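So, here come the structures, one by one.
Okay, so chain A shows up in both of these, paired with chain B first and chain C after.
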Partner chain A sequence: MFDFVGKRFPRHDGFVKAAGLAEFTFDVEVPGMLYGRIFKSPYAFARVGRIDTSLAESMGAVVLTPDEVPDALFNPRLLSLEEDTFKDWRVLTKTPRYVGEPIAVVAAPTEDAAQRALEALRVEFEEVYEPLLDPFEAMSPGARPIHERIVRGRRWVEVRNNVAAEYGYSEGDLETEERRSSVVVERRFHASRRYHAQLEPKGAVCKIEPDGSLTVWTTTQTIHNTKILISQVYGIPMNRIDVRKVPLGGGFGSSIHTNLVTLIAVGLCLKAGRPVKLVLTREDDMVHDHVGFEFYMRVRAGATREGEITFGELENTVDIGAHQVQAYPLLGASLGWFVSLYKWRALRYYGRAVYTNKVPSCAIRGYGAPEVTWAVETVVDEIAEELKVDPVEFRLRNYRGRGEIFWGQGPTVRSVIRSDGVPELMAKCSELIGWKTRGDPRSKSGRFRRGIGVGRGFHTSGAGGPLSGAVIDYSGAIVKLNEDGTVDYITALQDHGGGTLDAHAKIIAEELKVPPSRIRIVWSGTSTTVYDVCTHASRGVFVGGEAARRAAAEVKRKVLEYAARILDAVSPEALRIEYDRELNDAVIFVEGAPEKRVSLSEVARTAWQRNWGSISASVSYRATVAPPSFTVYFVEVEVDTETGIVRPVRVVAGADVGTVVSPELAAGQLHGGFSIGWSWATGDEVAYLRDGVPAHRLSMTDYKIPTVLDLPDDERFTVVFASTYEPFGPFGAKGLGESASNPVIAAVANAIYNAIGVRFYEIPMTPEKVLRALRGGG
Partner chain B sequence: MLSINLVNTYRIPQTFEYYRPESLREALVLLSTIEGAKVVAGGTDLLVDLKFRRVTPRALIDITGIGELRSIGVGDGYVEIGSAVTIQELVESEVVGRHLPLLAEAAELLGSWQIRNLATVGGNLCNASPAADTAPPLLAYDAEVELVSLGGSRRIPLERFFAGPKKTVLERGEVLRSIRVPLYRRRAGWSFIKIARTSFDLAKVSAAVLLSLEGDTVADVRIALGSVAPTPVRARAAEESLTGTGFEEAVALAPELVAREIAPIDDVRSTAWYRLEVAKTIVKDAMRRAYERFLRVGAAP
Partner chain C sequence: MRVSFRLNGSVVEVDVEPHETLLNVLRDRLKIKSVKYGCGIGECGACTVILDGRPVTSCLVLAAKVGGSEVLTPDYVARTELGRRIVDAMLEEGAIQCGYCTPGFLTTIYAAIIRGVRDADSMRRALLGNLCRCTGYVNIMKAVKRLLEDVR
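Moving on to the complex of A and B:
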């Protein structure tokens, strides 16, 4: 059906990455460049007095202190409308609110000199306060305010009880629905903090050009929002800032926002008047820069005896750490995930985000969906068990599928579901894992017990919708045909390493009928691209890919117009275009007239030679829907009841991504998604000592993520793609990214229950906790 | 605690002299004449310690260029392993595979490929981590270590080499030259079991067992454990009690006996309670696996 979509091609950046030639932020070298090093707060909550920079300066270093950065508060993330953006950050602070918060920064000609200068800084702490590390303690009356007032949009708001943001919603008549229910289950869940463990530590290189404009290379999922924020914070016009796109070594949400290190590097560069490189070490990155959100949830849900879900209630307290990145939209998105999972006839939601004196949390793969899905899928499993209904049947009866409203990222991002592969995936995957033979936990004995669990979930494909909503979501693409018929694709959209831009190349190839090898993905910057909001919300293929397709379609329209001139056709509508394998080019022809044929390269050359002008298109595209990509995980685990160790035995991962643009990369996403979910379900957590110091202070020695040896190999990991077609997606494609991990924790938790008959309401489910539970310690 | 602003793992925070002598004597001279000199081999522990400022040597003496420290040899009734032999060399050594399969099994579970290619057995022992993967098997084999200095050499049991977490009895000017492992004369089964968070991690708890039977009676058993005490330990009292008992009885008794000889603690990787419980389990498991191997070894020609 397709010439290029769904087929396998070498990745455009495969060789340079494998050969170590790709230039990441760390690799950027600018003549005369200084190295920066940040002075971080050793205290979780304190007030800085005098900062003596004289010794460091006498060593030749440039020092930037809190008094020298712009005074206005900001929020590093610009995805929400301004009135929904809560600002409580400064570039450098005199009131550090977590261990590691940047207070000052030095620059010197070498990393060594910078470190020595840093050690020469004398920072006086006027007061050191007892840190608030627990959100419930932070909310208690009399607790010291972590922030007294912050800015929402453009006005000051008071912070009460350290509650950073709240979100309430209800629909339907909960009391009536509850009365109608024959089963009601209520559970409390706790999902602890995790580190993103993205491959590349954050960093930035900043340079002042001869004309005074700024060039910035940095780890980011969004170059345009980085440009805008630099402009807002430092008052520099946007056309004087070029944020360059460089390869990104993974994001998982950690660079959705403009990293603080980027803003610090800019400030330091401006003061020094020289280029500056500021790159975090792995330890800086993981111990002091960012983590995911910590959730405390209460879920209550009911169903009738006939197996129909009645109502659902979710109370959600999120420990966000010391600053807001996207606390408020996260509360809305959590509601969206909750609502979109099942057909609640009535629902109630209350979410609140709470400040604590810990490293600020930011989006992490799934943006609350893995946690909410885990909680809901556990409760749904329990309801099904009580009703003695097969959990798969129960889900199929009650989930939100085709024709229902899907909430995407919250109440303002609604659209109707048009493609839905859940029934197909449930049938195929349950068959493959042997669902019917899983047995009852009460019938299992022996030391090693196996269990099978199911988790169903989804993620949105972007944050588009028919109405403008509270989230900014649109993409841009420029496609340009060169004079020899090769294609330049110029986009601001960032590929995190998963192959998003390879998918775009195939989409452009499919539209133009030229092979993907003809298409160059141009490394560009904000000066040379049109706006793209961010690669997040699993939108890269669905939104960005459709922008690319539309630009290619516009180019195709012009190609056909010029071809009509060349071929003397009455109009472009008389022409067909197809891929010619022999020429390895697109050919344009008149059906039934074999002599009326011209290659796309010839059209490009002719347009140049005859002065017809460039064939190019610049497109800005907003999706009017945000369709769910559904995923279904069936996981078999084996629990060693004498060590508490849980081992993944087999995984069947089903994904409804519409048309699969790159099957092998999509399968890779599912393997990666499982790995992350498995890590969250059973691995390490980011814990804090009493003084607010992270317990894993030794970095990767003390905080582990699973390796390939800890996960099922290809033979024990089956990927199933649904045969769906999304009418709004490029060639029928939807997103994947986050949906690849969203239901994993749920499936693993349900599998553990099926093995040993114990339900866990706290993740990670470490061997220590599993063994304790098996020995009757709860 | 070290201030967070002093850690920058892009660099080693101090300068030091670096020597790579080609003879042991040269190394010993350097070590005894330079105040604050420290021996380095693979550096997989030392470089981390340097970056985190846990050690501040004035000079590093790299012993990996000393040929005699890099060989594995068979003597009369023993295998002698040079201290600078890498972990990967242990894994691939035919001598180790044939005579010290318990050590080979543990070596293969140490770190990652990259670490095994750099790290040395001497470094693993001198770092004196309670979690050192090569320690329990070497303890089980009754290994001795040869410590040399300009003043001469001494040989002591490995069991007396460890003085506490990160502490050994090495004196100033002394270098661990080799590990001498007496050949285990009996037909034996063996097993090393390591419990860790991932396949690339330090042990939460580990156990090494050497087992020999006469009929179904335990003729000799050696049990050593890692990460459950200030040093890697032999469970000598348990071994003594289990010798002469029937195998099944020994398996039933071993966990509680071993538990009396260990004192695990809570840390970032696990808890004392878990370590104790799981030490009991894996001692049983290791005994059973050793038993199966014992039977198989007997069946082979």
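Moving on to the complex of A and C:
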């Protein structure tokens, strides 16, 4: 059906990455640059008095203090509309609210000199407060306000009881639905704070150009929003800032916003008048910079004796740490995930985000969906069991599928589901894992017990929709045909590593009928690209890819127009275009007249030689829908009842991504999605000591992520793709990145239950907790 | 102090501080950026280089101690015949995602094959110290198996 889409091609940047030649932020060097080091708060909640910079400055260092940065508050994440953006951050602060919050920063010609200058800074703390580490304690009457006032949009708002944001919603008649339910299950869940553990720590390099404009290289999932925020914070016109796109050593949400380190580097560079490099050590990155959100959820749901879901209720308290990155939209998105999981006849939702004196939380792969899906899929499993209905059957009867309304990231992002591979995936995957033979936990004995569990979920493909909604979501692409028929593809869209841009190259190739190798993906910056909101919400292929396709289609239209002139055709409509394997080029021809043929390269050359002008297109694209990509996980685990260690035995992952653009890379998303989901389910947890110091001080030895020995290899990992086609996607494709991990915790928890008969309502399900439960602790 | 060692086939001489790590000397003094910083304390494997035939995390090696040794870095290894085959196998199997850990995997696999590792289980143990958050190691192990068949 396609010439390039769905075929395997080695990724364009593969050799460069493997050989270590890809230049990440960490690798960027500018002649004459200074190295920065941040003075971080040793206290979780304090007030800074005098900062004595004299000794550091006498050593030749440049020092930037809180009094020298712009006074206005900001939110590092520009996604919501201005009026829904909650601002409580400063570039440097005199009121540190978590251990590690930047207070001052120094710059010196070498890293060693910078470190010595840092140690020469004298920072007085006027007051040190008892930190609030528990969200419920933080909300209790009389608790010290972590922020007294913050800015929402452009006006000041008071913060009450340390509640940063709230969100409520209800629909239908809950009481009536509850009355007609024969089963009601209510459970409380707790999902830990988890560190993204992307392999590249964050950093930034900033340079002032001879004309006074700024060039910035930084770890980010969005170069344009970074440009906008630098402009807003420092009052620099946007055309005087070029944020360059550099490879990102893993995202998972950690750089979904403009990193504080970027803004600090800009401030330091402006003060020093020289280029500055400011990179975080692993300790800085993992202990003091970012984590995902921590959830406390209460889920209540019911069903009739006939197995029809009636109502659902979700109460969601999110511990966001000391500042808001995107807490308010998270509450709406959590509601969206909840609504879209099942056909609730009535529902009630209440979400609140709470400040604590801990590292600020930002999105982590799934943006609330893994946690909400885990909670709901656990309750649904319990309901099915009580009704004595097969859990797979129960899900198929009640999930939101084709023809239903899908909410995507929240109530303002609604669209109708048009492609749905869930029935196909459920049938194929349950067969492959041997679902019918999984047995009952009560019948299992012995030291090693195996169990099979299912989790079903989805993620949105972007945050587009028919109405403008509450968030910004559009992409841009420039496709340019060179005079020899080669193609430059210029986009701001960041590829976190999943191969998004390789997918785009194939989509452009498919449209133009030239091989992907002909298309160069240009490393560019904000000065040379049009706006793309961010690579998030699994939108890269669905929205960004469609922008690329539309730009390519516009180029094709011009190619056909010029080919019609060359071939003397009456109109471009008389022409056909196809890939010619022998020429390895697109050929344009008149059907039935074989002599009337011209290659795309020849068209490009002719347009140049005859002064017809450049063949190029710049497109800005907003998707009018945000279709769900559905995923289904069947996981078999083995529980060692003597050690409590849980091991993954087999994984069958089913994904409905519409057309699969790159099979091996798409499979890679599911492998990686399982890996991070397994990590969340069984190990990841950022714990704090009483003074607010993270307990994993010693870095990745304390905070373990799975190694090659902990995960199943290809012989025990099967990926199944549904045979669907999304009518709004480029060549039928939709998103994948986050749906690849969303149902994993649920499937693992349900598998553990099937092995040992114990339900866990808290992640991570560590060996200690498993053992305690097995020994009767519940 | 002055240290002389063989780097990717040529002798280099460089001034180093006694406390400087091989990682910093390679990256900052010799401008070899293919050796990636991931943690600085030997936990992630991103900075793996080959020192006298053995894979080492260069952040744990003092530069002053490598005098007279032979050091191979990922940019060089990728261009050797075996290195190229490793990279090709990775490309075939989609084993490369963000690419930050990949140079470390490349050098570890290269050193293991030179040492005579020929089976997947031994290779898995050799790769225990290389962390990857993107791939779940599935396609990396697929590439390794393809490569081992090829080498055998």
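Definition applied: the second predicted complex is superposed on the first by the 778 of 778 C-alpha atoms of A that agree within 3 Å, B and C clash if a C-alpha of one lies under 4 Å from a C-alpha of the other, contacts with A are read in each partner's own complex, and residues count from 1 in each chain.
Simple rule for what comes next: contacts are C-beta pairs under 8 Å (C-beta built on N, C-alpha and C of every residue); 3 or more make two chains touch, one makes a residue touch a chain.
A quick note: this is a predicted structure, and the numbers were derived from the prediction, not measured.
J.: Where does A:Ser723 make contact in the superposed view: on chain B (first), on chain C (second), on both, or on neither?
T.: A:Ser723 sits against neither chain B nor chain C.
J.: Taking the superposition as given, does A:Ser58 touch the first partner, chain B, the second, chain C, both, or neither?
T.: After superposing on A, A:Ser58 lies clear of both chain B and chain C.
J.: Quick one: classify A:Gly498 as touching chain B (first), chain C (second), both or neither.
T.: second
J.: Have a look at where A:Val99 lands relative to chain B and chain C in the superposition and call it first, second, both or neither.
T.: Only chain B; A:Val99 stays clear of chain C.
J.: Is A:Glu642 touching anything from chain B or chain C once the two structures are fitted on A? First, second, both or neither.
T.: first
J.: Which partner does A:Ala22 reach: the first (chain B), the second (chain C), both, or neither?
T.: second
J.: More chain A residues touched by chain B or by chain C?
T.: Partner with more touched residues of chain A: C.
J.: If we overlay the two complexes on their shared chain A, which of chain B and chain C does A:Thr281 touch? Say first, second, both or neither.
T.: So A:Thr281 meets both chain B and chain C here.
J.: Could you tell me if A:Pro247 is touching chain B, chain C, both of them or neither one (first, second, both, neither)?
T.: In the superposed model, A:Pro247 contacts chain C only, not chain B.
J.: Let me test your reading of the model: by the given contact rule, A:Glu768 touches which partner, first (chain B), second (chain C), both or neither?
T.: first
J.: Please report the chain A residues shared by its interface with chain B and its interface with chain C.
T.: Dual-contact residues (chain A): 111-112, 281-282, 699, 701, 705-707, 709.
J.: Could you pull out which chain A residues touch chain C in their complex?
T.: Per the touch definition, chain A meets chain C at residues 8, 10-11, 13-24, 26-27, 29, 111-112, 196-201, 247-252, 281-282, 496-499, 662, 664-665, 667-668, 671-676, 699-701, 705-709, 711-714, 717.
J.: Which positions of chain A touch chain B when the two form their complex?
T.: By the definition above, chain A touches chain B via 37, 39-40, 42, 99-100, 111-112, 115, 118-119, 279, 281-283, 287-288, 642-645, 683-684, 693, 695-696, 698-699, 701-702, 704-707, 709-710, 767-768, 771-772, 775.
J.: Give the list of chain B residues in touch with chain A in this complex.
T.: Going through chain B, the ones touching chain A are 1, 3-11, 13, 48, 52, 195, 197-202, 268-271, 273-274, 277-278, 281-282.
J.: Touching chain A in the complex: which residues of chain C?
T.: Going by the criterion above, the answer is residues 17, 28, 31, 33-41, 43-44, 46, 73-75, 77-79, 86-88, 90-103, 106, 120, 124-125, 127-142, 145.
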